[in-house]
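First chain A sits with chain B, and in the next complex the same chain sits with chain C.
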Partner chain A sequence: MLKNYKRYGQYYLLLLPAFILLIIFSYYPSFSGLIYAFTNWDAATASWVGLDNFKKILNDRILKESVSNMLILIGAGLVIGNVPQIFLAELLFNLKNRRLSERYRFLFTLTSLVPMVVIMLIWTQLVLNPSPEGLMNSILLKLGGDAKGWFGDPQMALFSMILVGFPWVGGINFLIYLAGLQGIPESVLDASKIDGCGTMRRILFIDFPLIRSQLKFFIIMGIIMGIQGFGFQLLITDGGPGTSTMVPGMWMYKNAFKYVKFGYASSIGLVMFVSILIVTLLNLKFIKSTEEEVG
Partner chain B sequence: MVRKIRISQILLHIVILFLLFLTFFPIFEMLNKSFKTTIQDIHNPWWISFPLNFENYKLAWSYVGPYIMNTVIIAGSISAGILIVASLAAYVFARFKFPGREFLFILILVLLMIPGILSLIPSFVLVRDLNLLDRRLGVILPGIATGLPFAIFLLRTFFAGLPGELFEAGQIDGISPIQAFVNIALPLSTPILSALLIMNILNSWNEIIWARIVLTSESMRTISVGLVPFTETYFAQTRSSGPALAGYVISSLPLVIVFFFVSKQFIRGMTSGAFKM
Partner chain C sequence: MKKLLFSVFFTLLLSALVFAGGQQEEGSKEAVKKKIIIDGGGGIVQFNSTKSMEKTDANPYPYNELETLCTEWEAIHPEYEVEILDQSYGGGSDKIIPLLAGRKAPDLLFTLTINAADLGGKGWFLPLDEYYDKPNPYIEGNKKWKDIFVPSWFDAMSFPDGHIYSVPLDHIPIGIIYNKDIFEKAGISSLPESFGELMETQKKISDAGFIPYFPLYVWYDIFLEGSLFADLLPQIDVLRPDGWSDAEEIVRAYKKGIWEVDGVRNREYFRMLKEKTKYYPEGWQSFDAFGNFLQGKVAMMEGVGIHLRMTRDDQQREFNFGYMPYPLVTKEDSPFGGKGIVRGSAGYSSTWFLTNSAKEKGTVDGAIDLMMFLTEPSNNARLVNTLEAMMPASLDAEVSPLFEPLVDKAVEDMNNDFCDWHVFNSWGYLGSEYYEFFLQLVQKYELSQITIDEALAQLAEQTEYTVEEMIQKNNWDTSAW
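And then the complex of A and B:
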């Protein structure tokens, strides 16, 4: 018996570093976030205000706008994060020349090693610069069009954000899709050829089902990251001009660190947390049910 | 038939090359303009002008050098920390039975579902109270904690799939659990460990929000945090985009250079099948 406990003690000891870090930096802040959401905490004092913050949320006009911006960004993000990547993966997969295919793969992966912030800055400073000297504006002017305001124009700012990274190929997603395609057994491809299955049919009926698990992963991650992400706004647009690129995360940040309304900001965080939880649970249920279908 | 195939292959190459061109053109312009003086930029904005102007790089390096240093320290510590702490915990979860094992593992799984946004503000207050604001540890420790749940989850599945006979043989030879971990489990797990390492380096290299909140002083800034104020200051002072663009090029170099040396391992790691559902 005593020997058992000694052995168990050894196991707990090995788990200890992980749990110390998680208790201090994950469980404790998450839990206190839950509680602060029901207070009017302003960095100095906090008192319980019940559901007041959530009533305020319902009447928060900026929050409403930010949710619709977020939905547009998530929708666009899911399309541009997957469709061009699958398209490019298919292109490379259908190349007969293996060596060139690998060269291309190397080059398209290379772009994912450029820091995200550099991509953001190249696009805001260089490509979509609102002055007539900006790259896109120079092209538009050459073609006889007008220079556009891009990130400076409230009507165009959100659209400009989506444009960043055009044509949106390359990077990690592409790499993983390509690997998914290359994982299709040779025998399956040969059989499809013998059966007279054309390229289009092969893509639809063989390739797609086989990269479905990767697609699911990217869709779920895309939604979760899309709900919480606001790095671009934090660094570059500040949610503006006006509220044209505001998203809930950025609005929460502003409430906390600019207006020092920690309590209210925490309640926005709680609402976002609950929405992500719902999305995750729905997804898990959905994944289970499709697996049962297949199985 | 042969001709038809050849034409479709040529078409594929053309589409791919066009996409490559579109992808790399902005990057080419960043490089091109980073070597220009203001006057060269006005007269010849989109093509290479000679002589190349290296002054921009000298200027940019004095600012961006420390950012890169900070980013390397932070991303390196976070990634190494996650790998060490998570692989130990995952190994214990996967290979041993002890009271509370299921419960503790579920406690970790729950964290996979809790998005960071909920704890952003309380974490800030916590880090402030621990006196870690504006210090690298204030980014590193929460960074490790954030990456742990997924890493433990992934590694536990992997360790559990290793053949049990290997470990039983080790037990008969009388080696301790730690020795078994170091000598048996780790060498068999290099592909998954390198995938995790790459993923965590990329994540922490590009992390914006938390670094921006914690690191406030100039000397502490990472690439993500520092490049924007650097751009604004420089452009306001000189009206030239050259130094800022040289700064972007310098900031991009470390990972790109590393990629040239380990691209095979990188691609193998990212495509090892860890990222699907």
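And then the complex of A and C:
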């Protein structure tokens, strides 16, 4: 051990600043949050309140509504974050013309350079603008339909959020799925051809099992981001109209920084952390990656 | 090579530390003057200087009046130096809580009183009551600084603990801006003066194919609540009789059954809130009201001073506009109506708080003196009127000609013994959680997501919780009620 330290001591020392910064900015706030979840911390003073915050969580109507909104958004997010991407990756993977394939790949990746905030604003201010002049409403009116309230209509606000970014193709997910497909050994694909395997059968029985690692990664990340995320609400909807787009992250944020109830916000954060942990463990247990399946 | 990298890294680290230490020491040698840092924010517009004083399309309202006034004050008080932030923190609690908790806030910090009430009792803001009882040296013959403010608006700045922590700089011109051309096309010859007439006017405009009315905020909701509850004031305003219901008085009224959340009066309030939205367009919650108004598609829009200024100055505008006060709620409109509320102004807006940073730095007296200087009527008028968005807080300060009709209306209403704007606003004074809960609930009800019974049941539950929390948090002596 000592010998190792003498040999590698300088490397440990070089790692030290990063580790200290991690402790200060990542571990300390998280662990202090665990403790504050059992207090009524108001950013100035904190008293121990035991399980009171968690009892309040059980009766918190807005939190319950926000969990239901979150589940809808996670479900939709998993579908639109993966299905169109896999579909597109398969199309490009099967494109025989290599030069054309590269150009398409470039074009589809280009969309990810547009900042998310800009996309949000384009969709809220132009595409789903509730006035008759809004792009989508203009189309609906031309087709003989009625103009919709979109983000201003509590029945449609969540659906409008899901619509943002339609047709949801391109970006990093697509690239990673494409890379996964391109990583399938040529020998496997050749063998499938010799065995007379058609495109659909190959996609179902060769491609899908061999990109399972990527799929697993995106499912886990999709769930984690879905539980934690509230960027759209913070920037655009504020959780409304009413509480129709409220999610637990936003509710936690509001409790902390608007109502100065950091203790209660910490307890919501703790519940979110435990939920993420459980869902991730379940994912790890039940969805096998390609390597685990083979190994 | 590895040893060389290692040595370079630590030499750099050491140099950085030594350099940082040296900088601090050098800075402290120069720190002869006490520095007062001002956030510069405001309720509707900011007082921070614009980057340039050249008027252009991109910089239509160049401004540096606060900076100029501070320079004048520095000349009187050479022991102080004033720094105004380039950009205000905007008063949002998410921005200012970390600053206050870390004692790094500007000495004078802007936030709205409604946001700040939750931040009281933590030692972050300094009570100013004793300073308000002293004369303002910049005003000849002034006995108490607080005498230069409207008494009921001044009292409405008090926190639930009864102390005043902020200094007002301006108050909000408010009313309804209307499109005269649409009124003409709809055959409307007189302006609505009551809630019922407002609804009739909306119908006529809607029938003419225009969007009749649009709010930008919940101003008229506050006005409506005050109108319907004003006659209860003698029963509610008893702990500190001053013409408005403060947080403790509202909680007491609830506990004593004077203010009944699921009672007939509150039910009437909810009914009228929804009726007001009858002609609103689809998706009005995310509607760009002001943009559509300027394009001539909306007939009436609730607006504050800045909207009046922007409507006047809009180069693309192709219609004539006018300005009217809020229609009153009469006995014909509601059995609880008939009590007038002062129109024209919604009370103080830009309130600056003296923070714990000033106490720590020893700049409290200087900061107070600077605020006295800024609220001296002629200085206050310079500070506020240049922006043409607000009206000065000091009673004797001149008002921008743009807002004079509003001031006249407010004075006329006051002379008619109308109640103050803050007479009763249950959801405005019981903390930001209750405030947001109420607004969310009303949205759900107005958009028919829930019925009035569900809305009032949920509100009753939240009120019970909030009231108990307020009593506990503020240590109110309920036996004295």
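Operating definition for what follows: the second predicted complex is superposed on the first by the 275 of 295 C-alpha atoms of A that agree within 3 Å, B and C clash if a C-alpha of one lies under 4 Å from a C-alpha of the other, contacts with A are read in each partner's own complex, and residues count from 1 in each chain.
Please note the rule applied: a residue touches a chain if its C-beta (ideal position, glycine included) is under 8 Å from a C-beta of that chain, and two chains touch if they have at least 3 such contacts.
Because the structure is a prediction, the values reported are computed rather than measured.
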item: Partner chain in contact with A:Leu14 - chain B first, chain C second, else both or neither; value: both
item: Contacts of A:Phe257 with chain B and chain C, given as first, second, both or neither; value: both
item: Touching partner for A:Ile162 - first (chain B), second (chain C), both, neither; value: neither
item: First (chain B), second (chain C), both or neither touched by A:Leu189; value: neither
item: Which of chain B and chain C A:Thr45 touches, first, second, both or neither; value: second
item: Partner chain in contact with A:Cys197 - chain B first, chain C second, else both or neither; value: neither
item: Touched partner set for A:Leu141, first chain B, second chain C, both or neither; value: neither
item: Superposition-derived comparison: chain B or chain C, residues of chain A touched; value: B
item: Overlapping contact positions on chain A, where the chain C interface meets the chain B interface; value: 10, 14, 17, 125, 253, 257
item: Complex interface listing, chain A residues touching chain C; value: 10, 13-14, 17, 42-45, 61-62, 124-125, 129-131, 146-155, 237, 239-244, 253-255, 257-261
item: Complex interface listing, chain B residues touching chain A; value: 5, 9, 12-13, 15-16, 19-20, 22-24, 26-27, 29-30, 33, 45-46, 85-86, 88-89, 91-93, 96, 98-99, 104, 108, 111, 113-126, 141-142, 144-146, 148-149, 152, 177-178, 202, 205-206, 208-209, 212-213, 223-224, 227-228, 231, 241, 244-245, 248, 251-252, 255-256, 258-259, 263, 266-267, 270-271, 273, 275-277
item: Contact set on chain A toward chain B in their complex; value: 7-8, 10-12, 14-15, 17-19, 21-22, 24-30, 32-34, 36, 88, 91-92, 94-97, 100, 104-118, 121-123, 125-127, 133, 135, 138, 166-167, 169-170, 172, 175-176, 178-180, 183, 213-214, 216-217, 220, 224, 227-228, 230-231, 234-236, 249, 252-253, 256-257, 262, 265-266, 269-270, 272-273, 276-277, 280, 287
item: In the complex, chain C residues that touch chain A; value: 2-3, 6, 9, 13, 92-94, 97, 100-101, 118-119, 122-124, 281-288, 292, 297, 431-433, 436-437, 440-441, 443-444, 447, 449, 458
